[in-house]
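Listed next: structures, encoded as structure tokens.
Next come two complexes built around subunit A: one with subunit B, the other with subunit C.
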Partner chain A sequence: MKIPKLFAPRESQLALPLAIFLHLFYVAPLIVLLASSFQSREGGVSLGQYLQFFQDAVNLKVLADTFWLGVQVTIGCLILGYPVAYLYHYTPAKWKGILTFLILLPLLTSSVVRTFGWVVILGRQGLMNSFLQSFGLIEEPIRLLFTHKGVMIAMTQIWLPLMILPIIASLAQIDPRLAAASASLGGGAWRTFWQITLPLTLPGIISGCLLVFALTVSSFVTPSIIGGGQVMYMPTLIYQQGVVLLNRPFAAAISAILLVMVLIVVFAFSALGQRSREYVR
Partner chain B sequence: MSNHKRFRMTRRAMLGATLFTGASLALKGCANGSNTATNPDTENSAGDAAADSATNSLAGGTLISTTLPGSWEQFNRNTLVPKFAAETGAEASLVTAVSADQIAKLQASPNSPPFDVVSLDSGVFEGVPKEELFQKLPVDLLQNYNDLADQFKSTDTWGPLIGVQAVGIAYNPTVVTTPPTSWADLWNDAYKGRVALMAMRNNHTIGFMQQIAKMNGGSADNLDPAFAALEELVPNLAGVVANSGALITLFEQGEVVIAPHDLNSVRLLQEKGVDIDWVLPQEGGFALTPIMSIVKNPTASVELAAAYIDAALSQDVQTQMVETNYVLPTNKNVPIPAEIAQKLGDDLDAILTKLELLDWATINQNRTEWVEQFDRIVQV
Partner chain C sequence: MSANPSVSTSKSAQSSAKQQYQFDRLSFSWVIGGIAIFSLLLLTIPTLIVLIVSFSSAQTMRFPPPGLSLQWYTALFSYPELWSAAVTSLQVATWATLLCVVLGVCASLAMAGSRARWVAAMDALVMSPLALPGIAVGLGMLTYFSLIGWRLSLFTLVISHAVICIPYVVRTTLASLTQLGSSMREASTVLGASQTYTFFKVTLPLIKQGVITGAFMAFLSSFDNITVSLFLSDARTEVLPIRMWSMIENDLDVRAAAVSGLLIVATALLMLVLERISGLSKFLVKG
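On to the complex of A and B.
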């Protein structure tokens, strides 16, 4: 009697193919990764790899730099991305197509190509320095390539579309009558923005921030080319330990630490998201 | 009602955006996949190889070999694979990967390896558990093995060195008007902020640190004097770059004017019109040596794999390698072309005395520690 019930269509079953796929190709490897991070040099189970990571000041600096880079790029994307999303929302429909294309354009080129583009722009004889020098704003070229600042600038450009898109989606959900109501009650443009529009787009902002943060701290190509060997981030460290030095358990431990960092930020943001949704209602 | 309408709008917008992003990612994937075959020469030679193998498909078979990227890939596709096809009637396909990735892929499935022959840097090769992944070279199956220069011959070997890349000092002759003569010239105050090194995980820098250690009283397993010298080099560094490709971009941009690099990369840049020259320092340089080896449990027969390696050692393939890629030969019958002779002399044995073959066994014992120490010193 229960068997036909098992095969009765249920919404949850629609997700089954994806669930199987993810368990096979994502959850299982992740478990292997976590297990190998607890492997000691001699083959037993230990916390040695983690101790080794946290005892070395250089590794701690790499962890802090990675977190800080994530925060900076997220804030940078938010500051640059929100006005673009806002502009998009109030653009006449016929221009929206062109604007969509322009926003998505960076996603259409490979990040390797864009990174080498940034090498040309950030170099001492690059676009940025020669521009500033020709206007007499600086005398000596500023050092941007192989610095944390340079990586931050390039990453902000690269992940910007992923901040803009969710904000556009949440702007589209706002009932336009709310702004009219605010105006009719005497609210100015700024007040309407701060008290109505911004809080209502918080879910979009939060998902944009999550995407940008998670992608920034796990980027490999851009930080390793623009940062070089002098500013290290977690993914470069993982590659170096895992692929070059064949120190797999240690690389697994670093990956696990990076994962935990991302998860903490994700949970913090989703808690914030819950709150903001309550506010919206 | 308006609620309902709004929901539909968003869903449609979401769907559109997802489709657009998906399509763009797919397009990008296609572009990446196809750009390996954009060189018309490459396509022609692949076509020839296919035609050859079609005519003698009875004698044939298929072999999968790795190749290092860049000029190595072009050379292997245009010269080595057609030669192998002509000799054996078999087909060879190439998988492009850097040395460390080749090892990573082999270690991921040692029982059904994704390729039959690997071609990678010996520094990386020496660092892996060879018994688990490779098999000894069946020297008797190789006709060209006896043509190798004496120092490259051995009856008990995992594989032959297929070329010698000479590493010395690359510099921009417009800025560096007096050609450097010694490794010590990198410390010259005149080049403050204009020197580059690759990160220590690159074998170029491992070799460089070995040379500096030896100049300052260290040895193959004692790099302490080199690390002390590195601390003094830091103010001169424009940057520590990820890999040799990034170093090339910096030379093209005029960002860097002097750096340790190999002759073959420099010659290729010169051909492209980049303002760059190369010199062997008076203390001598060092050699980076690509090696070929047959994997354990290959899908193709060992005979076929041996024939592929044999073709790579043959006089005409190596002559081509020297002329187009400026990688020095290991086959003693290959003449040294004038452009290289002018830098290094025309006698292979004499050249090899000036290039140190690195002691990878010692290096690999210390590699992790050295990489960490290097990173600690150069971190800003």
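On to the complex of A and C.
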């Protein structure tokens, strides 16, 4: 006897377990987080935590520094990452394996390990200082650890692969005849690049920028180790307030502000991405 | 006679145009190639430096090291906290990955090929942990678990890691399913196979590569996670990245270099194995 079709599980129901799981352990915690940020000291509802955040110039500087770090790292990754993607695209197939390995290994190694490498490079007796001193460029070792510049350099390297990968994907989608057509019509290499290749890879650039920005402003490990408590960013401030000082409602409010900042940038980039895809078509 | 000068000027104009063309091409390749090589060095050097320092004979992390030795690797044997943290991390990553694979593959089956409205919403929900700050998610989970009265344990740690790692599994499984199309599955059901039979005998073998790649990425990102574990792991469930973080944060312990060295080698080997069995780079580099 066959089971009537009505009782056979429909395929769409297979998504239910994950949907329930995510609502219980992801959406609900985020709602609780938001709710707790509106808690006042007496237990009522208030905007006190947010007022406290925005009235203190120190906190505003942390917010601005975090945003600025995100912008700098995104631009740095774009300038350094685009040429790698371009090189990968025109590399003969037999070399692509090695290039892939070089791009992916840093992405897949632990973030603590990657940051640790930068501690060794940027330290007083590190590679950077020995290098500059041996060429007589500096007399005394310069301080790079515990500075904004140091955090920025390390973060740019750490998130570079995430800029390269989407650009490789969108370079692969360009019709190779376009560049050939441009060249045969007398367009030079630079002109072909600026007017054909770059605009056509905008979707990849935009998704790379989105990823790099969102991950930079959310990073904890690198700012906490390289910044060493001397330079603060939103995630390290959340940790300090939430875990060290046990001021959970305030930490929740800072988290909410960081979430809003990330969401605004994500939506802005998504809208740009939509428009760029229409342009490419 | 009068034609001669004009011919020579057009010739020189031609050669200067040619020179300009060559300069244009050369400058382009030099600039793009130069930056690309610089970036590739930048990508590789920190990893190499960690490997070199891990064999240092010095007591500090100076670079270049004055001599080579295995002292930091042997020092790891008498560091029980590190090993217990490593075991906890492996346990959490394994369970979280299994949970992600079961939930993620089921959901991907429902989402693939469907144009229903809920699919777009579900996709955004599943992928959002990739972009949202993990530290906010971790704090939210801690507040939530204490609100509903769940004590922190290995179980709550596994749940929180699964939330963070689910995007990887769904993304690669969906990519495999989309590539596969629905014709195979339909053929199987039309010929009378049950849905379960079709899944295990037709669909799963064909999407195996996507599932394995996603599981690998999920495992690595759980094994590497700090932001969520900061809030949800305690002294009994300390994970490896947190232990390493405090080793580096507090006193620049050179033993951290040896652990890092082991992790780099393990990651590289895993990558090569995965490349063999599932074509890892096919999913990550869509070139």
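Here is the rule we use: the second predicted complex is superposed on the first by the 260 of 281 C-alpha atoms of A that agree within 3 Å, B and C clash if a C-alpha of one lies under 4 Å from a C-alpha of the other, contacts with A are read in each partner's own complex, and residues count from 1 in each chain.
The rule is short, and it goes like this: a contact is a pair of C-beta atoms (placed from the backbone, for glycine too) under 8 Å apart; a residue touches a chain by one contact, two chains touch by 3 or more.
On a predicted model such as this, the values are computed, not experimentally measured, just so you know.
J.: After the subunit A overlay, clash or fit between subunit B and subunit C?
T.: When both complexes are placed onto subunit A, subunit B and subunit C end up clashing with one another.
J.: Just subunit B (first), just subunit C (second), both, or neither: which does A:Gly126 touch?
T.: In the superposed model, A:Gly126 contacts both subunit B and subunit C.
J.: Go through the superposed model and pick first if A:Leu108 touches only subunit B, second if only subunit C, both, or neither.
T.: both
J.: When the two structures are overlaid on chain A, which partner does A:Thr147 contact: first (subunit B), second (subunit C), both, or neither?
T.: In the superposition, A:Thr147 contacts subunit B only.
J.: Let me test your reading of the model: by the given contact rule, A:Val84 touches which partner, first (subunit B), second (subunit C), both or neither?
T.: second
J.: In the overlaid three-chain picture, which partner chain does A:Val58 touch, first (subunit B) or second (subunit C), both, or neither?
T.: Only subunit B is touched by A:Val58; subunit C is not.
J.: As a test of reading the superposition: which chain, subunit B or subunit C, is in touch with more residues of subunit A?
T.: Partner touching more subunit A residues in the overlay: C.
J.: Looking at A:Phe116 after the superposition, I want to know if it touches subunit B, subunit C, both of them or none. Which is it: first, second, both, neither?
T.: In the superposition, A:Phe116 touches subunit B and subunit C alike.
J.: Now for A:Ser134: first (subunit B), second (subunit C), both, or neither, which partner does it touch?
T.: Touch status of A:Ser134: no partner.
J.: In the superposed arrangement, does A:Val231 touch subunit B (first), subunit C (second), both or neither?
T.: first
J.: Examine A:Ser218 and indicate which partner it touches, taking first as subunit B and second as subunit C; both and neither are also allowed.
T.: Second partner only.
J.: Thinking only about the overlay and not a real complex, which stretch of subunit B clashes with subunit C: 79-87, 187-195, 205-213 or 241-249?
T.: The segment of subunit B occupying space taken by subunit C is 241-249.
J.: Can you list the residues of subunit A that touch subunit B in one structure and subunit C in the other?
T.: Residues 100, 104, 108-110, 116, 119-120, 123, 125-126, 165, 169, 172, 224-225, 228, 243, which sit in both footprints.
J.: Under the stated contact criterion, what part of subunit B meets subunit A in this complex?
T.: Contacts found on subunit B: 2, 6, 9-10, 13-14, 17, 20-21, 24-25, 27-28, 31-32, 100-101, 103-104, 127-128, 193, 197-201, 237-242, 246, 249-250, 253-255, 367-368, 371-372, 374-376, 378-380.
J.: Touching residues of subunit A toward subunit C in the complex: what are they?
T.: Those in contact with subunit C are residues 8-9, 11-15, 17-19, 21-22, 25-30, 32-33, 36, 79-81, 83-84, 86-89, 96-97, 99-106, 108-121, 123, 125-127, 130, 157, 160-161, 165, 168-169, 171-172, 188-190, 193, 210-211, 214-215, 217-218, 220-221, 224-225, 228, 234-235, 238-239, 242-243, 248, 251-252, 255-256, 258-259, 262, 266.
J.: For the complex, which residues does subunit C have touching subunit A?
T.: On the subunit C side, the touching residues are 21, 24-25, 27-29, 31-36, 38-40, 42-47, 49-50, 53, 60-64, 102-104, 106-107, 109-111, 114, 116, 118, 122, 125-126, 129-137, 139-141, 143-144, 147, 159-160, 162-163, 166, 170, 195, 220, 223-224, 226-227, 230-231, 241, 244-245, 248-249, 252, 256-257, 260, 263-264, 267-268, 271, 280-281, 284-287.
J.: For the complex, give me every residue of subunit A touching subunit B.
T.: Its residues touching subunit B are 56, 58, 61, 100, 104, 107-110, 116, 119-120, 123-126, 143, 145-147, 165, 169, 172-173, 175, 224-225, 228-232, 236, 240, 243-247.
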